[in-house]
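Next come two complexes, and both contain chain A; in the first it sits with chain B, in the second with chain C.
Our next item is the complex of A and B:
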């Protein structure tokens, strides 16, 4: 029966990559000197599964490499080897190498054997190192047990193999053998497959009927095998039962063959003489070492090299099946979808029946059906959206490693705490938020957290703390990156911003506004550039990335105590709760989350600042006004007088302003269509949508819109509030 | 046809074992760990159990011990999938009541040969 093993490769790779993640996070959680057996067990299990799977599916190089890791982990698990930071680091690096091997194999690429070899040497170095005697034993121990006994008997057999014409096998099963699920008859049957057999049954042990226990085994056997097979073949047959029986395997030399008398059929059991069991016992004793032999114990590296060529084509076909962006969806989500579709079908058939002979008396029924349809459509929509939602742990999972690596590189002590990893976000967010988060965490690590000695001097604990927190807040996803480092340096930022021409003078900026300056394009404090952060990607890029996801970013900081970056993102990127506003003949959509309130502006609230644009006073704060008709060039607004229209107070990136519009229309969910893919990027907008009447409305990107307006009134925004 | 319970926390191995056995005409019940397997073995009668050793929640050796305690599994063949480098696992498995083992890595033919040997 030939089975195409390639069909299992995709699943193997998927679970192996998961296993690698488990190993990585487990290793990162391990402290030198401590051996949390649960933790090590989980890591060991992952390695073990990868090794087993790789071996089975023909990826022998992966299997062989993992085997060394497994050996090391096994020693740690049993407490035979101390958990050192050196060992953890080497294992972590090995996880990387393994991931490389796996990816290359999956994609059908060449594995970088030099890298693998050198890492293998590293692992072997650890295995050989601080050989606390026991550890060394264990290193070779696994196969050693087999190898020792194998050679011991091999010469025995081969030395006389020339003359051997058959075997006499004394097989005396213990009375409990049936309770191991083994059937002695199976053994005899297998022996008979090796060649002609004569079988003698010894029923001496058979009790009287009244004492007879059907669960116990009472027969003994002597089998004469008239075939010059290797002893190993016989050993293999008894492999499973060697502890459940007394047995002896005695070679029969040439001349004795003729002595065979029996009929050769197992069925013709002949009572044996009483000397039988005695000789069996004697034979048992002498054959014990042979019985302890393990089956065909070829050591792992040997098949690894042998099968290397065979593994190549297998890997190729596996790679061909891989790839493609797939999402793993919780079955519960799919069940709810199917459920919803069922409801929809029922509603549809109900409406269908209603339509067959409709008259006005049934309008009520129709309305009922339509509202049911609406409800089900909405629920279906929510369920479909749910499919795209993945826990943010997909993104967070890379950070323990990043923090571990960077902090040891910089000589800092940092503890990373992740909260709310199960928070679900849109798949696109998962894909796009990674890089900005890495940048922000690097920043915290590099600029935020101080060196241990500085921290102690500042009266803080030696170990710094970085928190990654994800949560749902009011229809938004909020991701926070908090550290207890030195915080932002207000004066340094201010002088830098003036030097770089981001602002012209300090004015009376609040601390928060000053912190916001680091998000401005062209702001990069050169003396902060290191190989950890400051790779030329500024915070402005981070902010732009967040904005592209429809989100905003804010910063909080207290000098000497730490800082926090707070990112707010919409729950989903496909649908948005929007408020439609009217400007002239045009309709625009303002994301509901950006709207603070809407007011009718009174003349006394208005405040013209010469050269700095229009502002209005809202509860002691002066906010800039953006005239929508001017920004978007709408030709016939209902009014250009601020007091005659409406001001929609919106917030974005921690700043507020008033949008001057003609009127508010309604609130509804809109489906976001990308303008970039269908047309081109329009400044101040994040996309477009199709309204109920078929017309197109632009969806406003509030932070971008504010920047757009600021270009006309550069300092205005920074000075407001 | 005989029913076989295939227990492995690795989906790929489970699928491979299951696919191979189904292809040979056996009925296969899959379980992802010892706890799952024990529940399934209690729910229906199984003619042969093939279990991985290293699994979360309940490992294969504990599973074998637990199964042997059940009257209906007193004599049922219980095989474990183990690696050649783990003789101590075989001993532990035998002590718990395992019938025998299939050494990993194995191919479908080896698997089928062993199964046929045990349950025909």
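Our next item is the complex of A and C:
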């Protein structure tokens, strides 16, 4: 086996991280006291694959650690151990540690061995605890060894000599092994090439003739290899069947033939560990026939369903941890891309031929070609964008754990419901929306949901509910975080805002405007600052992050009934549909999603507030007017008289206003270019784009522009809307 | 003198890589004119020199930031060095050039176009004497000046391009954030 294993490392890590996710979500779904064997099996399979992979690639510390978890899970799976919330918590913690070990190994960093050690002790504590009662009647002596730590693993150790003269291999293939294309006979033959072998066949598991299935395998083997070969050599042989069998490789020491040994010495800790793991498997496998009369129904379908379960989330969560690394793309998406490129090439050559000897009679052909080109480009663009789209479950998947941990810490009962996890979102959004969402969910947990007794007193169910909802609405992605907690306290926010100097006077702010105050810097209404939230940093950062993504955030709240935070994000970050407008000699782009309508203002619609703040009446609402040429300092506007120009009614952050511009030019898709690459952020804009003639036009950021205008003319915004 | 001697041998050996050449002849400076003064910048920082072209104005930007242009798909700001140095503004003519320079900032490399009256010459470091610049007080861009050089009897002000741009993006940034609070 001289294959360079390093090339598979990346795959191993990706799969293992997926496995960890499966384990985590599985553990979170487990209820203390009830052992859902499918659930446990899925977790067990994930742990087992990680252990196997880690062993293959020589990450012994990972495989050793996973092994202990696996042992615990295995006992749970067989019903030999009760599923306690203590055990679940320890396992969850272990998943974290394992993730740490994996990340460290992947990055080539040092593993924090102290943490690993202490967690390992913790796991062993659980293992050593109560299960013995049930374990003993199921196991046959060897099974009981599982409950104790490594040195006691093989109780029948009679000698402590380190000299190995041979190996005892317990090879117990799963009954599905033949379907994986492996033949145990071939393995035994390969073993015999290493040296002299004695093979004992165990036919105990053979079913009655009427239950016999030609595709199932029912034999177990015990092979004694009388050759002092490296354990690795044996492992190599079993590499391919590792997942399809339970096995143990036990070294035979020179002094005492027949007795297994080797675990006593710390020097052989690593091989001992893996043999321990395998013998544990063997032990459980052997224990099955003793406990149950029909081994096939329990062991065969279970791994199959587990594998299916494991495969589903794995496919979904592909690349979750890849970060900037890789995305798994549906082949269909790539195929359609290739098709599109093909079409594009054909169109291009057609246009090329047309250009060779062009005369006016062929203008029509040219136009046809150009429109074809446009269509193909657009399709191509859409397909490329599709590749960047990932389901939002990548971001959502971390919340069950978060809610589980925090709610138990705070003594609250909370149920988390996630809706629309399959909604596809741009990869950049996935990466950037995580932290703001965590913050918002924590806020709901901490400030929103009440303590169980308060809830009961308020006549609400004891268990609070937090909903995470993602959906497509128009050209936007809408993410809502809803809770049925106490809602925002209007008066508390007001008094706090005045106390903190965020505002000077309550004036006649609407409820919505008051709720918006929590997005101001330096604001927190928690009575106590907890480690969950309440330091007053955050909501302003949340809003800034979301604005950076080109989105907006809104709050809805009903006192005593709950609150909702609604985040709107653009579907994609790279391209947007824009309306170009003209002010003076300058062209700007307004994102189409921000535009409500465009109107020509009549004199009777105009109103002044305090002689300065201009507003206009649109149906029953008074909206402030932003004069683009004033806010942006444009020279020579065509007109400064509102009634002569156009008002573009725009909406941002839940507010509407009229943008006074000279004229509308046209709608088109624009590619967003960053101004920050070479310069810095320009207030009121979200970036720039390059127009058809090569010149640059700025893209307006409506919420930001409103804030800018507010600084210019504060009065307008306080008294209106 | 030893540098010059090395340059001679360098020529004889027909060195083909820029780096080797650089080791031998030392730094080179691109000089340009602003009013009657000569300025020089490290030639390795010069990306390209282009004629003045219409820019897109940036709202509420300092006066010396003339706007942004599209240089092969990236958006690059254009500064007027005369205004930056508080010199009187001069109408742009067909001789007005924009030198696109690369600056290195903690946030990464940035490209900036600077408008100057005209590009003059290329100076070889070993042919000029560079002295520390005296302290002109806060009024002038002292810290952007990396040294003074004398070339053919004229003084050339050597500029540190990173510092030249630094206080526009960073300081202003902080100011803006201060305003927002």
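Definition applied: the second predicted complex is superposed on the first by the 509 of 721 C-alpha atoms of A that agree within 3 Å, B and C clash if a C-alpha of one lies under 4 Å from a C-alpha of the other, contacts with A are read in each partner's own complex, and residues count from 1 in each chain.
Keep this in mind: contacts are C-beta pairs under 8 Å (C-beta built on N, C-alpha and C of every residue); 3 or more make two chains touch, one makes a residue touch a chain.
Remember, it's a predicted structure, so these values are computed and weren't measured experimentally.
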item: Touched partner set for A:376, first chain B, second chain C, both or neither; value: neither
item: Chain B versus chain C as contact partner of A:679, first or second or both or neither; value: second
item: Touching partner for A:67 - first (chain B), second (chain C), both, neither; value: first
item: Chain B or chain C, by number of chain A residues touched; value: B
item: Overlapping contact positions on chain A, where the chain C interface meets the chain B interface; value: none
item: Residues of chain B defined as touching chain A within the complex; value: 9-13, 15-16, 19-20, 23-24, 52, 54-56, 68, 74-78, 81, 83-87, 90-91, 94, 97-101, 103-109, 112, 117-118
item: Complex contact set, residues of chain A against chain B; value: 1, 3, 5, 7-9, 11-12, 14-15, 42, 44-45, 48-49, 51-57, 63, 67, 71, 142-143, 145-146, 178-182, 186, 190, 215, 239-240, 243-244, 294-295, 297-298, 300
item: Complex contacts: residues of chain C adjacent to chain A; value: 54-61, 65, 67-70, 73-77, 110-112, 169, 172-173, 176, 179, 181
item: Parts of chain A lying in touch with chain C, wherever the complex brings them together; value: 521, 586, 631-634, 673-675, 677-680, 682-685, 688, 690, 694-698, 708, 711
